[in-house]
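Should a chain be cited, it is by its letter among A, B, C, D, E and F, assigned in written order, with residues numbered from 1 in that chain.
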Amino acid sequence: MIVEGLGLMFAGMGVVFAFLTLLVGAMKVSAKVLKRFADAETTRGSLETTKTAVLHQVGDELTEIAVAIAAVKACARS
Amino acid sequence: MIVEGLGLMFAGMGVVFAFLTLLVGAMKVSAKVLKRFADAETTRGSLETTKTAVLHQVGDELTEIAVAIAAVKACARS
Amino acid sequence: MIVEGLGLMFAGMGVVFAFLTLLVGAMKVSAKVLKRFADAETTRGSLETTKTAVLHQVGDELTEIAVAIAAVKACARS
Amino acid sequence: MTRTLRLTKKLSGKPLAIVAALLVLCLFCGVSMAGATSAPAPASASDTLDASDAPTGKVEKLWKSTGLNAFVEGGKALFSDKKSDDHQLIPLGIGQFIMIIVGCLLIWLAIKKGFEPLLLIPIGFGGILANVPVAAIAGPEGFLGLIYGFGIQTGLFPLLIFMGVGAMTDFGPLIANPKTALLGAAAQFGIFTTLIGALALSQFIPGINFSLQDAAAIGIIGGADGPTAIFLAGKLAPDLLGAIAVAAYSYMALVPIIQPPIMKFFTTKEERGIVMKQMRHVSKVEKIVFPLMVLGICILLLPDATPLIGMLMFGNLLKECGVVERLSKTAANELINIVTILLGLAVGSKLAAEKFLQLETLGILILGLVAFCIGTAAGVLLAKLMNRLSTEKINPLIGAAGVSAVPMAARVVNGVGVEENPHNFLLMHAMGPNVAGVIGSAVAAGVLLALCG
Amino acid sequence: MTRTLRLTKKLSGKPLAIVAALLVLCLFCGVSMAGATSAPAPASASDTLDASDAPTGKVEKLWKSTGLNAFVEGGKALFSDKKSDDHQLIPLGIGQFIMIIVGCLLIWLAIKKGFEPLLLIPIGFGGILANVPVAAIAGPEGFLGLIYGFGIQTGLFPLLIFMGVGAMTDFGPLIANPKTALLGAAAQFGIFTTLIGALALSQFIPGINFSLQDAAAIGIIGGADGPTAIFLAGKLAPDLLGAIAVAAYSYMALVPIIQPPIMKFFTTKEERGIVMKQMRHVSKVEKIVFPLMVLGICILLLPDATPLIGMLMFGNLLKECGVVERLSKTAANELINIVTILLGLAVGSKLAAEKFLQLETLGILILGLVAFCIGTAAGVLLAKLMNRLSTEKINPLIGAAGVSAVPMAARVVNGVGVEENPHNFLLMHAMGPNVAGVIGSAVAAGVLLALCG
Amino acid sequence: MTRTLRLTKKLSGKPLAIVAALLVLCLFCGVSMAGATSAPAPASASDTLDASDAPTGKVEKLWKSTGLNAFVEGGKALFSDKKSDDHQLIPLGIGQFIMIIVGCLLIWLAIKKGFEPLLLIPIGFGGILANVPVAAIAGPEGFLGLIYGFGIQTGLFPLLIFMGVGAMTDFGPLIANPKTALLGAAAQFGIFTTLIGALALSQFIPGINFSLQDAAAIGIIGGADGPTAIFLAGKLAPDLLGAIAVAAYSYMALVPIIQPPIMKFFTTKEERGIVMKQMRHVSKVEKIVFPLMVLGICILLLPDATPLIGMLMFGNLLKECGVVERLSKTAANELINIVTILLGLAVGSKLAAEKFLQLETLGILILGLVAFCIGTAAGVLLAKLMNRLSTEKINPLIGAAGVSAVPMAARVVNGVGVEENPHNFLLMHAMGPNVAGVIGSAVAAGVLLALCG
């Protein structure tokens, strides 16, 4: 039965490697084929980046609130 | 079998119209019957409107924060 | 059958009381056994209290924002 | 044809009338068509449209499939054949109509009066659906019947609800003041007196025939715990499940009305004013050990109660262990909500007229009320007894919270206490017996399962 | 062996090549091993590895278990044995391959074109899984088959979806303007004309053989309501379920393309410009009473429709009663999401090639489209008729919303209206016939169940 | 009677003592009552209370239904009848007691040591419940048995978990660096060596008898993927499911302890310090195409793996397509949480003493550990081999992440890398082999199903 297990091991590892090797190939092909989609997306992506930037700005604004409060406090003290 | 289908059509459309016609009648009756409940509700509804107004005020406050920050910035610049 | 019911009652109430009396005992024992864990926890608990305090401070900061806005408004008016 | 045309003219300007006319026309044509086709009806359709031989085939079939016809036939039966009426109080059609009204009543109580709406709205609606004539929604092939078979017959739904309850319950007040657990035990007295009451009714009133199992399932109403009652009734007396569940949840909702007079009757003004000292802090590790401890006692003493107690404590362990928050939140929210909807509908399926409209249901309702009262009294009286024997006094009002009905009973205790002394907040102290009552009624259910199951 | 070594040398520096070599080596060794062990194979393993007698045992078994082999065998069959091809348009292997492409197409339409993605992505994926050769995922033992049996054969999933739809639907616009309900009735005309169309196709085209049940299930596509279509098809014509569901959801997604030309064809410029007066406020109690009223009419008139109408109204009652928010939110979110995933996959399991790749599917797709068009036209025409007979004019465009397809159809109406008059917002007015259409198609489904079921 | 009174007097002032006295009184009365009623016991009750003939009927029945009795009887059996002990290592009562301790141990590991608490708490609790004597909660009629039959025997629960995992997994790092997929393949070597190890144990150690199926199910522990292990064990070796699941999740939790020494042993200081270049950006469309591509390869090469791979990729498609956020969020949150609770309990039901307390369990635990070690080593060694053959070096540490155990293994890789060079963050690079390992072990499971199933 152990020898049979060895057969299972070779068959199994063979299929696992075959599967993932095929997948590597497929990913490489799809990366090339889909490149122009990706390029098109990048343009849109930059728009999204702008959005994110806006969000960051909102985050900054919270910092600004803190700054504003500090400023007002400073004012109040002075 | 097609003629049988016609029978099904008349029976079916009949029931569908009967159902929704009855529903129209029932809605009209219930609208009249339930009118005084509705009136009672309106009084309570005005309370809810007040609540919503309060919420709006909260929203206004956020705007105020922005205004405050702008003011502080302007101060800082000047 | 009613007398049988009485038997059920005594057996049932007996088990219920036995169960919860055992539970009372177990809770008392566990309270004593676990006391040192509880003590150890208290030390950590004080850390958490600090955290809560920090949170309160955040709450205070929101109040501060309101104060700041009021101050800015007062400024703007003056 | 002429008549419909005249009708149309007369009511012209009102679209509703036109449509009504169209409708009559349609049905009329349907009849004619069906009549015309009846002769050359193909064989393949004959089994599906077996009534199409008569000229009025399709319309007749349609009429027979209406609920109106079913109700009317039921009504006719009321006056004609009395002899088939022996084993049934009222004929089916009328009975179903009454049960639909009962379903609406439950929904009304839930919405308008706030009677445990989370359960009584699904139960009421399920009850209406179960009594729709012709459709047999609650039958073994109907979807309510399927949900019942999947979730309640197997006991799965009440157990999942119990898990969710465990994930929502804080046993801290009980751990802080262990002896209040005994009050949760005393309040189960109502269960067993009701059991005896059911057996007595069965013996002395001719129309009522409860078996020992039935009596046990009825008694558990006194436990004031919905899932426990549904679990036990599903195992011991499925036919009475509808009445038992409705009684249990109704009385749980009526706790603020039922309990205060009893609490006041058995206590003096001084006793109600007793102020209890503040509770000690309960450590996290105690709360984690607690569910395992309860489970351990349950395994040693009463394995038959482990499904109920076990799931309650599993939910509580998920909550208290602090490392599986996503599971405990799901158990206490989405999962319990989904199961509540399905459980309510399935319980409602047991409100079918032929099962519910019996003299026995009246007996169940009365017995359930008695169970609540006795449970409340027993809790209060044990608290007074404990005060006699101990120097550290407890407010006897909190004994009333031992009937479970979490957290309603504890709130009622708090309310009665505040009435007496506006600065005496008993809520947390009452939570101890309250959650102990949940354990107590699950244990009682286990005993009944072990001895009558 | 030499060849793989040479290959390795030549492509050295590229890890992929080495791995490929290893792989060949592995498989080769596997063959040798299996060959070596074939003689002394122990008895206990002989049943699990029955092909291991031949020298190439394991590899052959492995090859036979690949999908590649199944497709190729199917392809071979295409050219060889034509005589077993009688009852099947194309051989299984090729058919499954085509259906996998169809599944991908549905997913592409859903993602790229926004075709009802919530349903078409699970359906498409389920379709792919159902057509995986060898695995039999959609078979009675496969997991898709199990989900199908549990959720669709019993009708449970469509009913739970309907409950969720009820918990998301606001019937306010219908209550405010009751007579728009009639438009929702008229639009169901498409259902019954399609039914007749299906029977006609069946009679005149040789390859198509629809029974009356099949025709009824196909007709319901015209109801433009997914769960209703799945519920009815699951009861009357399970074999056609895949095609019917795909057609229903596809055309619902195509509403913005299908409806506008028809709407414009049947209305004049003036009619499209009619401005409707603002709606009255609908009180909370009216909204609570409404679902019970609909249920009551349904029970009186058509008990066979109560499962569908009942669950829709149950969901709506949960939403409107205002006291069980946690249940209504769960019904409208988590529960409907979970059921949608499982329903989609299970419906997809009916896209198995041997059921789907039939001439009949083409017929279903064409008939479904016709149904949509007729339903739209009927709604618009009844609106025009009602305007003739009433002084209070309604914009006939809103009649087109009667086909259901909530809320897409109402939005399309609004779009066409705004095109004519930029200040004429018809959205809320169109919601009345739109939600009435949901009720209407459920009623039509009930009639078909009662007369053909 | 006198004794209880004296006891009461002596301990007066302590309510606990009074209650204890009451309790003894109750039980005593119960005995008397039962004795008194035994003679005129009605026929209807005789079947439910069959032991009531003897004077101590009810109490005896109650005692027999306690867990204490069951444990004691089991204990007695240990010393008395040795001959019925042949097919069982230890008597049932004691075995159940030991398994309850094991359940508590798992819960303790989960809470205190952070061992995969999401799974090990439900499994541990389910294990306790399954070993409650008398109640037979894990039996075919018990609720755990029902959940097991519904969810695990059918494979449904692991597949739904896999869908949720897919909806939470980002395959971006793998797509950005495809060749790391091979490391995920190499790490599956542990599965097959363990399989052979199990067969060897079976041949050379007398008490252990694993069939080929058992060996395959044990091997999959080396896949370090919980749902895959449960799915395969449920199909091939249900009796070993408990031990396999516990081993899989325990070792996944132990990854930070098991892997680092092996990783360090097989790599030099320079190799561990290799800095990998930053990853390229992966476009949205690549991420959408990826799951369909994997599914396509799976269909072509190994249809038996499609249920697992298919559901994983379905979940991932829901996540990546971006148009069905409500479905992907439900799949990754509420649905996976609900299924995790039920799956954990059901897996725990396989920790019943008679199945678990076998020599074979010890073998499984040891083999599982060996599988992890070999898988880790194989991943690292293939990474080194790939470095030999390619100019673009990869850090061989990331090979260790190929065993799956997402995301623990990748974090461990990052930790070991940072130890060597504080500015070398390998987390994202290790995620590639890590998610490839999930695919790899699902493929290995498919092969084992195809060849041993």
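Criterion: a contact is a pair of C-beta atoms (placed from the backbone, for glycine too) under 8 Å apart; a residue touches a chain by one contact, two chains touch by 3 or more.
From a predicted model like this one, the values you see are computed outputs, not experimental measurements.
**Student:** Among the chains, which is located farthest from chain B on the basis of C-alpha centroids?
**Tutor:** Ranked by distance of C-alpha centres from chain B, the top chain is F.
**Student:** Count the residue numbers both chain E and chain F use at their shared interface, divide by all numbers used there, and answer same if that is over half, different if under half.
**Tutor:** Both copies touch with mostly different residues.
**Student:** Centre to centre, by mean C-alpha position, how many angstrom separate chain B and chain E?
**Tutor:** 30
**Student:** Between chain D and chain E, what's the gap in Å when you average each chain's C-alpha atoms?
**Tutor:** Each chain's C-alpha centroid was found; their separation is 37 Å.
**Student:** Enumerate the residues of chain A that touch no fewer than two other chains.
**Tutor:** 1, 4, 6, 8, 11, 13, 15, 17-18, 21, 24, 65, 68, 72, 75
**Student:** Quick check on chain F: which residues sit in contact with 2+ other chains?
**Tutor:** 16, 19, 44-45, 49, 58, 62, 179, 182, 185, 212, 301-302, 334, 447, 451-452
**Student:** Name, in rising order, each residue of chain D that touches chain C in their complex.
**Tutor:** Against chain C, the touching part of chain D is residues 174-175, 178-179, 181-182, 184-185, 188-189, 191-193, 195-196, 199-200, 202-203, 212, 215-216, 281, 283-286, 289-290, 293-294, 296-298, 301-302, 436, 439-440, 443-444, 446-448, 451-452.
**Student:** Spell out the residues on chain A that touch chain F in their complex, using ranges where they run on.
**Tutor:** Where chain A meets chain F, its residues are 1-2, 4-6, 8-9, 11-13, 15-24, 26-28, 30-31, 34, 37-38, 41-42.
**Student:** Which part of chain D faces chain F closely enough to touch in the complex?
**Tutor:** Within the complex, chain D touches chain F at residues 154-156, 159, 163, 179, 182, 185, 211-213, 288, 292, 295, 299-304, 306-307, 310, 314, 317-318, 321-324, 326-327, 329-331, 334-335, 385-386, 389-391, 447, 450-453.
**Student:** Of all residues in chain E, which touch chain F in the complex?
**Tutor:** 12-16, 18-19, 44-45, 48-49, 58, 61-62, 65-68, 70-71, 100, 104, 107, 110-111, 114, 117-118, 121-122, 125, 128-129, 132-135, 137, 142-143, 146-147, 333-334, 337-338, 340-341, 345
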